[in-house]
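Below are two complexes that have subunit A in common, paired first with subunit B and then with subunit C.
Up next, the complex of A and B:
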């Protein structure tokens, strides 16, 4: 293999897998409704509730941001976590294992495709929150927001990569566990309220999924002190970057373990086994 | 449980090699090992000179796999996009992958469906697409595991012709085929290995295998019996197997080879004495199925007559 050929192959494969996600998002009208329009409904409810209670305007912005980011968590949980399990059920996983493609390229493609598709879908939430409901935020550092967003997404989707291997290893049980965790994670991540409200335990809770630190840091960039942040933005961003690295390494190890198991026992790659 | 034991097979470059065996014989395990999906617990296997365990990545670059009845691809993609996507997984540049996808779509006769979403294809069309998928990387070795399962007769024939053409036209291309259709193996394969209970019982060209069981007559009777199966006594040295029951006529096929010197009339008389009514009698040339029955003791979907 020529130098750089491996990287080109990796990028081609990741692009092809991301393409499925991107195209899929716009070819199925039902998905547009369930993935883009329904998730911001809860967000609107929180904004209207804070408004009715006469809460400071920053609370409304806080709820809008939480609502937008919840779409990413749903995507990670169901679009990433369950994916390899479904690939196995379809008989697709076997074809990945037979091909020379890097397994990390497949996961990267799933993550990038899911992230981009969800970002586009989240425009609906932005339009609803900042457009229709008229929620306002003060001037903020766009570059910093972009940085925190990208690092948060890296950590979040790297967690999704680990989940996808875990789902496959434990099959339906992990699927049920994840199903049961969806709402608690919303709570633990403080999607609709400042995480600091939970007190000292907030640190531990926020560390479970990167969403908590991500939401908190982005709120601080948008709202400053009004965001009632848990820790300085720089600290939270550094923690998120660390989590991203740990999760990526974890995902690679989990996938290698999975493939080894599959070859030893011959039961993970095919849907009837 | 031992799935394969002492299998020692060498498949030459440019060969179409068939693997015949009943369910559970070890065919899929054999293919799984060669396609790097399963570690052998002992022994070694090489594909294009590369060890399937140590050099699995080199092996994967050179192989393609089609399993009958698989539903690969994402329903949301079109046939053309799906073939392109798999080409990307093999590192084929898009400028080569798109024209190759179009070429293969024509080969499998899916031109009208090229821009249709996969989830709108019929089972047979999807199977044809899966077949095309295996060729997008232009593999050196192609593993076809029951590739024509679920296809109509014409489509299956066209694909067999394409496989033969592909091996002939491209030097050094090799195919390993497993199939339940004896005629498919007979038509396509240069050599056939008969495998049962994890062991290769015979391995040779089909004419050579036929010669092993030539002599005498291959007889197929259509009979009516009182029970589902009977412990029939035919003649010593005559080994018979039951075919599947006829769905409408309520009869069953009874197949056996009558050794030279024996007379069919004697067999018929013995059957009559055992209250077995014979509706029809046919004799024919030795087929691969006869060879299979002679070696394994039963047909692919038959049951053995207890002796």
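Up next, the complex of A and C:
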């Protein structure tokens, strides 16, 4: 192999998988309802709860951002976590493993494609929250928001890469695990309320899933002190970057372990296990 | 009658096996309570966050209460749609159930009893957490028991019968039925004023909310358990009027559901949808 050829292969495979993810997700218009419309509709209920309780308007903005970001967690769970399990159910997983490309490239493509598709779909949440419900935020630093968003997504989707390997080991439980991780993670991440509300335990909860630090940091960029942040934005962004690196290494190790285990036990092509 | 009871029992037993046999009992219980518990905690987190600044924080108890009872809508009504999707797409057994002498409607009725039990567990758990952990309590002496039990029963009837309609739609629709199931759970959460008064809905949606029995159900549960509702619009109604409209909309939707279910089942059969898997 010539120098640099491995990288080219990696990028090509990642691009191919991302392309399928992007095009495929827009080819099924009904999925737009599930992925783009339903999460922000749920968010509307939480915004109206704050309104019903007579809470300060900043809480409504806080819930809108949480609702928008919930779509990314759903994508990580169902589009990353359960993906390899579904591939196994459809009999395609073994094709990934026999193809002459890095499995990490496939996961990277899945992550990048899912991230881009969900970002486009999150426009619905922005329209509902800031348009229909009339929620407002003060002027903010767009560059800083973009930086925090990208670092958060890196950490989140790197965790998704680990989950995709881990869920394969669950077999039939994968579906239930994914279901069970939805609302509990919303709570642990303080998606609809400031994480600081949970006191000292907030640090521990936020450390498990990077969504917590991500949403907290983005809220601080958008709302300043009204976000009631857990730690300064810079600290949270640094933690997220660290988590991204750790999760990426973890994903590589988990994938290698899974591949070895699957080959040893011959379970790659077995459905309903 | 004895035969019907035996069939319902068999369907319920089968439903229990399908719902729970993928995990050890303890693990199953953990999974079953995790989501409703987390939902209750999210609401609690929101309440804790604004408790010192909210102008109308006393209203929270009513919203928390309705959220606990919403488990019946998501698990029973929407759950019946999931029964059809799972049987047809995942297990590929819908055609066998359909052609068995039990009958599809009886089977769905039996399956719904398991979901009723699971929803009851969710509801009790959420209220227990609210009572003991969050301090969300009501005065038992002021509970209007007869209207409360009546409205609770009417709500359950509405959940089960609308569940037949959702199941009928799931039979007729291909994989889009999955989206329909998910959309219905969220739509009713928003439309029927579970965690906020329907008065806050935009015009159009507010009027639409008044069509569904669940809007009156949540309001009745709040009023008869706590002594006050949430909606200013419905506050003016007498207890009798509220119960009457709840009963009327429940009967109307029950009739519509049975007609709709039959029509969609016939059409699904004619189009060969009963054994057509449509997942990837």
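Here is the rule we use: the second predicted complex is superposed on the first by the 266 of 273 C-alpha atoms of A that agree within 3 Å, B and C clash if a C-alpha of one lies under 4 Å from a C-alpha of the other, contacts with A are read in each partner's own complex, and residues count from 1 in each chain.
Assume a residue touches a chain if its C-beta (ideal position, glycine included) is under 8 Å from a C-beta of that chain, and two chains touch if they have at least 3 such contacts.
Just so it is clear, the model here is predicted, and its values are computed rather than measured.
Undergrad: After lining up the shared chain so the two structures overlap, which partner does A:90 touch, if you call subunit B first and subunit C second: first, second, both or neither?
TA: Once the two structures are laid over each other on A, A:90 reaches both partners.
Undergrad: Touch test for A:187: subunit B only (first), subunit C only (second), both, or neither?
TA: Only subunit C is touched by A:187; subunit B is not.
Undergrad: Quick one: classify A:119 as touching subunit B (first), subunit C (second), both or neither.
TA: neither
Undergrad: Which partner, subunit B or subunit C, is in contact with more residues of subunit A?
TA: C
Undergrad: Can A:30 be said to touch subunit B (first), subunit C (second), both, or neither?
TA: Touch partner of A:30: subunit C, not subunit B.
Undergrad: Have a look at where A:101 lands relative to subunit B and subunit C in the superposition and call it first, second, both or neither.
TA: Once the two structures are laid over each other on A, A:101 reaches subunit B alone.
Undergrad: On the A-aligned overlay, A:13 touches which partner chain: subunit B = first, subunit C = second, or both, or neither?
TA: In the superposition, A:13 touches subunit B alone.
Undergrad: Kindly classify A:54 by the partners it touches after superposition: subunit B alone (first), subunit C alone (second), both, or neither?
TA: second
Undergrad: For subunit A, which residues belong to both interfaces, subunit B and subunit C?
TA: Comparing the two interfaces on subunit A, one with subunit B and one with subunit C, the shared residues are 90.
Undergrad: Quick one: which bits of subunit C touch subunit A in the complex? Just the residue numbers, please.
TA: 22-23, 30-31, 34-35, 37-39, 41-43, 45-50, 53-57, 59-60, 63, 176, 178-179, 182-183, 186-187, 189-190, 194-197, 200-202, 230, 280
Undergrad: Can you tell me which positions in subunit A touch subunit B when the two form their complex?
TA: Against subunit B, subunit A makes touches at 5, 8-9, 12-13, 15-17, 19-20, 23-24, 27-28, 90-92, 94-101, 262-264, 266, 269.
Undergrad: Across the complex, what residues on subunit B touch subunit A?
TA: 29, 32, 35-39, 57, 60-61, 63, 65, 67, 70-74, 76-77, 81, 84-86, 88-91, 93-94, 117, 137
Undergrad: Using the touch definition up top, name the residues of subunit A that touch subunit C in the complex.
TA: 30-31, 33-34, 37-38, 41-42, 44-46, 48-56, 59, 63, 86, 90, 132, 172-173, 176, 179-180, 182-184, 186-187, 190-194, 197-198, 228
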